[in-house]
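As written, the chain order gives the labels A, B, C and D, with residue 1 at the start of each chain.
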Amino acid sequence: SAPAEHFDAVIAAEQRIEPRDWMPDAYRATLVRQIAQHAHSEIIGMQPEGNWLSRAPSLRRKAILLAKAQDEAGHGLYLYAAAETLGVDRAELTEKLISGRQKYSSIFNYPTLTFADVGVIGWLVDGAAICNQVPLCRCSYGPYARAMVRVCKEESFHQRQGYELLMTLMRGTEAQRRMVQDAVDRWWWPSLMMFGPPDGDSPNTAQSMAWRIKRHTNDELRQRFVDMTVPQAEHLGVTLPDPALRWNEQRDSWDFGEPDWSELQQVIKGQGPCNAQRIDRRRAAHEDGAWVREAATAYADKSKGQSSE
Amino acid sequence: SAPAEHFDAVIAAEQRIEPRDWMPDAYRATLVRQIAQHAHSEIIGMQPEGNWLSRAPSLRRKAILLAKAQDEAGHGLYLYAAAETLGVDRAELTEKLISGRQKYSSIFNYPTLTFADVGVIGWLVDGAAICNQVPLCRCSYGPYARAMVRVCKEESFHQRQGYELLMTLMRGTEAQRRMVQDAVDRWWWPSLMMFGPPDGDSPNTAQSMAWRIKRHTNDELRQRFVDMTVPQAEHLGVTLPDPALRWNEQRDSWDFGEPDWSELQQVIKGQGPCNAQRIDRRRAAHEDGAWVREAATAYADKSKGQSSE
Amino acid sequence: GADLSLYCQLLGDDALILSQRLIEWCTRAPELEEEVALANLGLDLLGQARLLLTRAGQADGTGRTEDDFAYWRAEHEFHNVRLVEAENGDFGYSIARLLVFATARRALYLRLADTRAELDAVLTSVAVRGAKELAYHQEYAAAWTVRLGDGTPYSAQRMQAGLDAVWPLLDELFTAHEVELRLGVDPAELRAGVLEELAAVIAEATLVVPGAAPMARVGGRAGREGVHTEALGPLLAELQCVAREHPGATW
Amino acid sequence: GADLSLYCQLLGDDALILSQRLIEWCTRAPELEEEVALANLGLDLLGQARLLLTRAGQADGTGRTEDDFAYWRAEHEFHNVRLVEAENGDFGYSIARLLVFATARRALYLRLADTRAELDAVLTSVAVRGAKELAYHQEYAAAWTVRLGDGTPYSAQRMQAGLDAVWPLLDELFTAHEVELRLGVDPAELRAGVLEELAAVIAEATLVVPGAAPMARVGGRAGREGVHTEALGPLLAELQCVAREHPGATW
């Protein structure tokens, strides 16, 4: 059919599909799922760092962290808006999040236990997110690609701030250095797992790549992240908790060990240290705010009624 | 009438009226009001000190404070039980407390701002309470008098613990001594106001004394408290914030200044620093616990049903 | 001088403590747009607090930094009004407090921004910028006051309850501390204008201006004199705990 | 030795942190009788914590006091299981946690109280007394579990939700820390008996034994290894704030 040919041609030409264009149902469903999960991750991702907002040990760090939380809420807004161009609405996606029918990135189901975690999340978690997201700036779906351009710009700013915090702590007291190393020990493996299962266990990758949603396999991105991060760790003076980590001359890359996929499976299944807590918080905010949203709607309706009189 | 004569005779003979005895309606109403207010004061009085339970700076002090809070809940229980012998029930009194129709001692509408406040409450507030309450051990209404015997014994234990805490702090650091003096500055005048308005403004005193509920006027008790406390303050090494305080050879008593009755009036009218907070907390506990009490009742009814089958 | 320093602490502490309360809304707001807005308000106030506390440490010659003031003072050394330290309550209470604070503080900043009566050039510049920020805070709070007041019956009740609960704390904003009198910036002069602005918003929200009397002071003292409510201690314990666990550390 | 000290810290930290959570119920309980009872439970656990932490400081020769352990350790130096640090939730959750903890800890104390296999005379005496106290805790929690489970439909739902939420934290009570293995007191041996006791109470409460899987560890570590949840930091900040504001002071 003509619309299907147009779709294929746009994809092949590396151009953008726009909301009014025809698209295969499966393409739409894949995008809705992925963009929603991404939006949910921004919103849930406010919690682990938000945990340190009230306790940030300097006013400057408090301001930086608060600005970051604000950015993340903003990213959530762009991404929900991008998902809405595909014919779903934000309220529906929120319902799916708080009822556990849609996922968010499992990394946020780990606890933040010291202020150094804030830095390590900026460095490793935002770093891994950027590896995942930069290719999405060229994603075949226009609104998503454009949202990602904005998101990536801010994320890399956050990443630099996280690294800068860690540099400061590593130049600080013995206790501060210990905090950083401990945070790295806890976050390293979960960060590697952010790229998803090994390629052999990732059946949807091929289709997503054919649709130019995804550009690289999970293992390619993971390797890119490791190669980028190892020298940064050395510069920082921390040890990555992987005895198998060594430079491979032939591959011109770092070899690294296997993450504990069974722990990831537990977390994905809902048994992570913070799954219940994260969803509970989001649900409580949603439920506690219901009367406020209802009031806003009622007021808007009244105002509309008056202005049309 | 015969019962009225019996009542008068018992009062005159300094004996006890018991629940089944006839008593004038006004006597009953006065006692219900006074015992309920007393019970409410025990329960609300848990809050100012309870505020420091989680932060007590040594485990020993934490244990002492927790035991005291437990005692106060216990006093509330005895006193509500004494009120119930007069034909009211605890649930009804609780409703009156949280709807503001019955009062509690205004002293608990002041905030506790440092750990020294815990000691000063023990010393001054419990001290003033004891001055008020010791004569109540000889009150004409039996159940109230007996409850007071038990309460007074524990209160004087609390008072000694409070004083001992203050002695420790006064032997401590400069900051600790400053905390004690600051707490004394804040609690001295409210403690004096615990004895109620000056005798000239206390129209019910005469009737209560005739009924042998009350044994001394407000001003008599206030003087007794001042005379008892001034030497304790000297021993402690704190200054009582009253420039008019001086020994009166002729009266063989301490002269002292006039409390700020207008501030007390504000607090009594509900505008104290903590009135809203104290009642809100009690109301929240009551409302949050409603489902628990309902469940206990439902279970008790079922069990009764089963055992009578 | 010492007076200017103390005055900067009065204003800086108000901003710091209210910013800390706004931060608590983060991940708890009724809508994502409110997450963004409340964080933004918190950032503005935090920014004002940093400038004011930094100025306080310069003005008295002690060289104390913003962090010295925020993390290393005891509760009785904080000079904020009791209004800003109260717990957040529900969204209605938080909006009511924000409305009252932003209206009063903007009026004050506008007065301090008047260079004809300049106290201090740094303070003037904080006030000029702060007045612009607070205009947005005031608008935001007013818009929500109206939406909630004229929304559903339930929201009207909660918004009214929020205003009623906040009202007793209003008085302290207009009760001069001695340093304000010495510097010739008596906030009592702002009272009538602020109350008028508040009354207009409350009327538009179809609500009633509360009649509640001011909250009593403690032997004549209140927040400005370091006598706070029981809400401040736990707030400071949280604010200060990490910094105090690592004395002398740099972050 | 160091092992005995660490073991006393494991048990002492559990008691200390749960006691701190019980204290939060004070002035918030559903009934005055519960105010008295929960304070009583908190006092018992606090008493156990004090004896155990005091013993810990003797056993390793450092002479650290109970207060040194409670007030001057950092979060990662606390060894309590994650179960005891979780926020109180509603009365149903608190009762569920209490039931689980009291049942498991009493079983452990009964074993430690067996003088034929005595590790340490002080520990034995704490265990003997503690087992008696915990028998009351267990009875109290069981009675409420049954009342709520077999009370109203709403209370049944909340009690079940409490059990469901607590269940993933059960596993850690039976997962041996290396020091427990070295001392020959593997808590895994208690698992079957404790689960049986719990199942009997839950059956009487007409509720269902939850099937929830254990909460994941973090790179293999959890509470015993100093890797806690986000609930512990704020609890410790509150617990420690006054003591830390006055280093070296005596109370």
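Definition applied: a contact is a pair of C-beta atoms (placed from the backbone, for glycine too) under 8 Å apart; a residue touches a chain by one contact, two chains touch by 3 or more.
Every value quoted in this text rests on a predicted model; they were computed, and no experiment measured them.
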Seminar exercise, completed: Sorted by label, the chains bordering both chain B and chain C are D
Problem set entry | Contact-graph separation of chain A and chain B, given in steps at minimum | 2
Exercise. Which chain is most remote from chain A in terms of Cα centres?
Worked result: B
Exercise. Across the interfaces A-D and B-D, which one involves more C-beta pairs in contact?
Worked result: B-D
Exercise. Measuring from the mean C-alpha position of chain A to the mean C-alpha position of chain C, what distance in angstrom results?
Worked result: 35
Exercise. What whole-number Å value describes the gap between the mean CA coordinates of chain C and chain D?
Worked result: 41
For this session: Name the residues of chain C that each touch 2 or more other chains.
Result: 74, 237-238, 241
Seminar exercise, completed: Residues of chain B that touch two or more other chains sit at 55, 175
For this session: Would you identify the shape of the chain contact graph, picking one of line, ring, star, complete or other?
Result: other
Seminar exercise, completed: Contacting chain pairs, sorted by label, are A-C, A-D, B-C, B-D, C-D
Exercise. Quick one: in the complex, what on chain C touches chain D?
Worked result: 74, 234, 237-238, 240-241, 244-245
For this session: Give every residue of chain A touching chain D within the complex, in rising order.
Result: 48, 51, 55, 110-114, 175, 182, 185-186, 189, 241, 260, 263, 266-267, 269, 271-274, 276-277
Seminar exercise, completed: The chain D residues in contact with chain B across the complex are 16, 20, 23-24, 26-36, 39-40, 42-43, 46-47, 49-50, 53, 66-67, 70-71, 90-91, 146-148, 150-152, 154-155, 158, 238-239, 241-243, 246, 248-251
For this session: Provide the residue numbers of chain C that touch chain B in the complex, in ascending order.
Result: 74-76, 82, 165, 168, 212-220, 227-230, 233, 237
For this session: Would you mind writing out the residues of chain A in touch with chain C in their complex?
Result: 43, 46-47, 50, 52-63, 66-67, 69-70, 73-74, 76-77, 80, 90, 115, 165, 168-169, 171-173, 175-176, 281-282, 284-285, 288-299, 302
